Amino acid sequence: MQILEGEGVTKYFGGLAAVSKVDFHVDQGEIAGLIGPNGAGKTTLFNLISAALVPKPGTIRFKGEKITGLKPHKICRLGLARTFQEVKIFSNMTVLENVLLGSLFGCSTGMSSADASREAEELLEFVGLSAVRTTPAKDLTLVNQKRIEVARALATKPELLMLDELMAGLNPAEVAQAMELVTRIRDKGITIFMIEHVMKAIMSVCDRIMVLHHGEKIAEGTPQEIAISKKVVEVYLGE
Amino acid sequence: MTKKLLFGLITITLVALVAVPLCSSSCVPAPAPAKDSIVIGASRPLSGMNAMIGDAAFGPIMTMWEEEVNAAGGIYVADYGKKLPIEYLIYDDATDVGTMVRLTEKLILEDKVDILFSSCGTAFISAQAPIANKYGYVLLTAEGGATIMRDALYGLPYVFISLPFSDHYQLPVFADMLAAKGAKTAYIVSIADLHGVEYSGVAAIEFARVGIDLIASVSVPETQEDFSIIIKDAKAANPDVFCVFGYPPQVLPCTAESMALGFNPKCFIAGPGANFGFYQFTFIEALGPNCVDGVLCFAAANRATSPEFAELYDDLEAIVSPAMLDWWGHPYYAPLVQIWQEAIEETGTLDQDILRDYIATHHFDTILGDTYFEMSGEGGGGLLVKETHPGEIGQWQNGVVEIVGGGPWSNTVITADFIYPKPPWPTP
Amino acid sequence: MDITALTSRRFLVPGLITLTVLATLPLYGSLYTVILITTILMYIILAVSWVIFSGPTGYMSLASAAFFGVGIYTAAVLMPNTGQLLPLPVVVAIAGLISGLLAVLVGALTLRLRGIYFAIFTFGLVEIIKQVLLYWEFEVTHTRGRFVVLVDNDTVFYIMLGIFVALMLTVYFIRRSKFGLALQSIGENEEAAAHTGINVTMVKVITFGISAIFMGAAGAIMATRWTYIDPYIAFNPLFSFMPVLMAIFGGMGQLYGPVIGAAIFAYLQETLQTTFPYYYMLIFGIVLVVAILYLPNGIVGLIQKLIQRWRKGGSAEQNANT
Amino acid sequence: MDLVTILDIAIGGLLMGGIYALLAMGLSLQYGVARVLNIAHGEFIMLGAFATYTLYTAFGINPLLTLAIVGPIIFIIGFLLHRTLFTRLRISSPSPGAFESRSLLATFGILFIIQNLALIGWGANLRAYSYLNFGVNLGGAIFTANRLVSLGFAIGIGLAFYIFLVRTRMGKAIRAAAQDPATASLMGVNINRVLAICFGLGAVMAGFAGTLLSMRVPINPAMGMNYTIIAIIVIVLGGLGSIPGSFIGGFILGIIGTVVTYIEPSLSLAAYYFIFMLLLLVRPKGILGK
């Protein structure tokens, strides 16, 4: 079943099409990858899905319902959470507070403060940040700040989690940990849609990959199919 | 090191600026006064928009009086058995009503001044009157007056209004003058504030009384700068009478545009503004001393009214520029200090209640002649009676404001005939 | 901005002492001190209310004069000297609510504007209300200024103090609430807050409304001190700029910044207007420029520096002793 | 509505807009490039107006010639002000936002200082003189000569300034600084000097506007604030940092003002703000803003 689908999704900046007539879908329970060279429109597509931007024209459906035109917080509460390419954390708040905000505001069902706190603690445990829960977020390393973002997104109880370059800037050991984290999230039953530049990572964790180039979708398929796709190789080599 | 020093220095300065006055005013108990002066307090607009009024109107009268009284050794107060010089305690209200109210209370409650002088501007007086009244301080108002204030007088026994205003008795006189000359139509431009609304409202009533049709009554915001469209509209309407009920920032551009656009109604009245020397001085360089001849203004007296007025204006001219002479207000501000002086000398006290009763019940001999207030009922305040007014309407003739209109009472001195229609604007 | 500072425990004792000193002021202070403190409290309320919204959200609102003015005018209409229509506390509450509602309306309409555009829009609001009111009063109701009932100075003072305390308590409870956490997160990173499920527009609009409630309430009580009100007096643009200046002067990093900034600012102004009436602006201007040059983080920065130095001095002494 | 009325409104709007444009270009330079929202802008207008008044009435110097005297003096004041005050603030401020709020506060201080000095120097009195106050017939519509001359000068100064920006080295440096001060200084632009020149030039334009205004508006030391507000509105309407935007915004506001005055003078200011706020809601970044 398709949890997320897009139809003719397009976005112009000035006269330039950042995303052009892209059709896409993400299946329930899979880990879908989105790759492409710099400036291909990947983050713009994420922004369109999460409603940071509005597609014009084009429609996006989440769990069969049209979500174009909704506000970001609505989409989040519907069960579609995301992280950011450049970390966007609440720097002067503690790690716990960062995550707590997600549990307090991200769910469609109300939650008591006590439940929210407990859940936030659990998620910190899950991403391995329990030890620094009272530290201001700005004092953490980049990898840990990315973990905060993941925990915060998870706190909103998403059905679909969109990860924007989770592994960029991490060392190999950290990449391995992140890959492991991604599969663990999927094992919780959360669908994942991720943008990634670290090829090894995306090839090994994804079930299916889409390739964007100049705002257009040029290929789609299993990692193996993508790896041998002529078009994709041309794009990457031609860069 | 220097930075540290500077830092410390600034801290100390800041603290001192705050702490020193605090201590001097509240920590140290005021010693029992051995009375050696009469302290007169006033919250005046020394900065901000109203400064231009206060500086020219009551300000010079205050200065002159201080010099005169103190040169004579002061005012004799029987309670103290000696002559006491006067001393001003003036604060800057920065043309802000809230500040004026607070500073007035400071003068009354903390400085315990002997006498309170008026603030400046009708709105300011309106706010000051209830405050002065509340603390039992006599307030002889200076720059301002309005029908709403007269209506409020019933509850303000300590307040005395001196300056004449719209229906007291300027516009009724004006309407009669126009009717006598056969004026038929009028066009009014007024500023959208209480002054403009009051004057345009009263004028509409008075014009209707004498059968003058009001073609239009246009109200403009205070920041209006371009009057050309309005003057063109007025010119097209071709009224006999054109009224600008605004302040100098409206009166001067309206006059300039009328000159430039060749709008020359039979009667052109503008004020407050045309009653000041600077009205003429604005155009004198380009058009000569008779530049604004024929323009009417609200004015009470000039040098020809009486020798006392001639002396007053000569004295004023010695301390302010001729551009600042005011033919409407100065004749009413000068008597204020005379009333104070007489009341203090006659009662021999600075007690506000006694002074209030004296002022309320006595006739004074001032440069206006027989001067007295009409009291508003039992516990009410006073309004300078119309019979005291030496004139209501002035007209620029040969470069001088002549008094051309006044009420039918003995104090009125008409110094010249009303010229109607007005002569054309001079050309450069 | 961190609005925790004032609400944390270490401020509890000094806060209670200050409150006690203030609450008993009419017993020992001179009559005029009560009046002066009332005015200072008014400025503090304006500055703190401004910071509640503009601090965390980064919007520079110049609508303060509009909300303050609506409060003033509400009181002028409801409490004419010819006969008070409603008791004073009720009027103050109504004035606050009307201002708050206005803010919610305006906020919903304009919060998509940012930076200077928002600032100027809100400034325009002050002018437009003033002009429409002028038109209404002069052309429709034919009212030329309104006299307001005189109220005992102590009553005015206590109501102002009450508004101040209510404001501080509100800040305290906001901070402790879910709502406060959301507001803080918007200040930290609005985009992330939105994607974390926070209805940022709603939070901002409500905050704008809350800040306006206190401005309106303060306006209503001030109307009884000014006794005569017309649209020019009620909607004085000065009250849009003052809270901003006071907050920057005090320092926005901590909530006690605007409190101290407003207090010093108002007191300094009063002192100069009475001590150096002819040079008040000159001296005030110089003080401002010098303060800006040498106190980059406002009074708060200065205090923090002093505390740091004191602590450093203290620890150095301790080290010397051991 | 006949042709003369249309001319009245159209040309009347241009006449008003010309001054607005001049006012706004100065502030646009100061805020758009130097990032100083100069609340004391109106005080420089007041200084220009008083300087012209004094030179004309005391020494009989033609008001238009006083531009040549007013310009350099005010430029030096503005330049030095930036060198001594705003440069230091810029360097010591941790972020552009902090600089903006600190400089805003500082300009309030400057406003107070200049106004008080003017009060001491010239007194509080209202002053006015009459110059070129006669009608000129343009296709049946009559306008005062001083306003037409003001418009001519405003357009002339605007164009000269635009050419300066586009053609000269300094102009290019200013535009580079407006885009990105950091990069500009990397490219060898002496950024502090450029910003000080911008601030000085902005003050000069305010001074020029004051000179032109003094020919037809009574002046006093407290006159500045109203013009500051107009200038801020115009630059916001035109789009921040866009000099052509300020120029066009000035004219648009002038025409709006004239049209609403023609229709209903008592509501003109309300209508004026209403239209402005509506425009802002439709184009949240101003007419030429990006």
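Assorted remarks:
A, B, C and D are the chain letters, set down in written order, and residue numbers restart from 1 in every chain.
Keep in mind that, in the parts below, a residue touches a chain if its C-beta (ideal position, glycine included) is under 8 Å from a C-beta of that chain, and two chains touch if they have at least 3 such contacts.
Note that the coordinates shown come from a computational prediction; the quantities given were computed from them, not determined experimentally.
Note on connectivity: the fewest chain-to-chain touch steps from chain A to chain C number 1.
Most remote from chain A, judged by the distance between CA-atom centroids, is B. Once CA atoms are averaged chain by chain and compared with the all-protein CA average, the nearest chain turns out to be C. With centres defined as mean CA coordinates, chain D is found 35 Å away from chain B. Distance from the chain A centre to the chain D centre is 49 Å, each centre being the mean of its Cα atoms.
Centroids built from CA atoms put chain D at 31 Å from chain C. The set of chain C residues touching two or more other chains comprises 131, 134-135, 138-139, 278, 280-281, 287. Along chain B, residues 46-47, 192, 219, 221 each make contact with two or more other chains.
Touching of two or more other chains is recorded for residues 115-116, 119, 266, 269 of chain D. Going by the touch rule set out above, the chain pairs that meet are A-C, B-C, B-D, C-D.
Residues 50, 52, 71-73, 76-77, 81-82, 84, 88-93, 97, 100-102, 104-107, 113, 152-153, 156 of chain A are the ones that touch chain C when the two sit in their complex. Across the complex, chain C is touched by residues 6-7, 10-11, 14, 17-18, 21-22, 26, 46-47, 90-94, 96-99, 101-103, 105-106, 109-110, 123, 126-127, 130-131, 134, 146-148, 152, 155, 192-194, 197-198, 201, 219, 221-222 of chain B.
For chain D in complex with chain B, the touching residues are 8-9, 12, 15-16, 57, 115-116, 119, 123-131, 133-135, 142-145, 147, 216-218, 220-222, 226, 257-258, 261-262, 265-266, 268-269.
Residues 58, 109-110, 112-114, 116-117, 120-121, 123-125, 127-128, 131-132, 134-135, 138-139, 237, 241, 244-245, 248-249, 278-282, 284-289, 292-293, 296 of chain C are the ones that touch chain D when the two sit in their complex.
Residues 31, 37, 39, 85, 88-89, 92-94, 97-98, 101-102, 104-106, 108-117, 119-120, 225, 229, 232-233, 236, 240, 266-267, 269-270, 273-274, 276-277, 280-281, 284-286 of chain D are the ones that touch chain C when the two sit in their complex.
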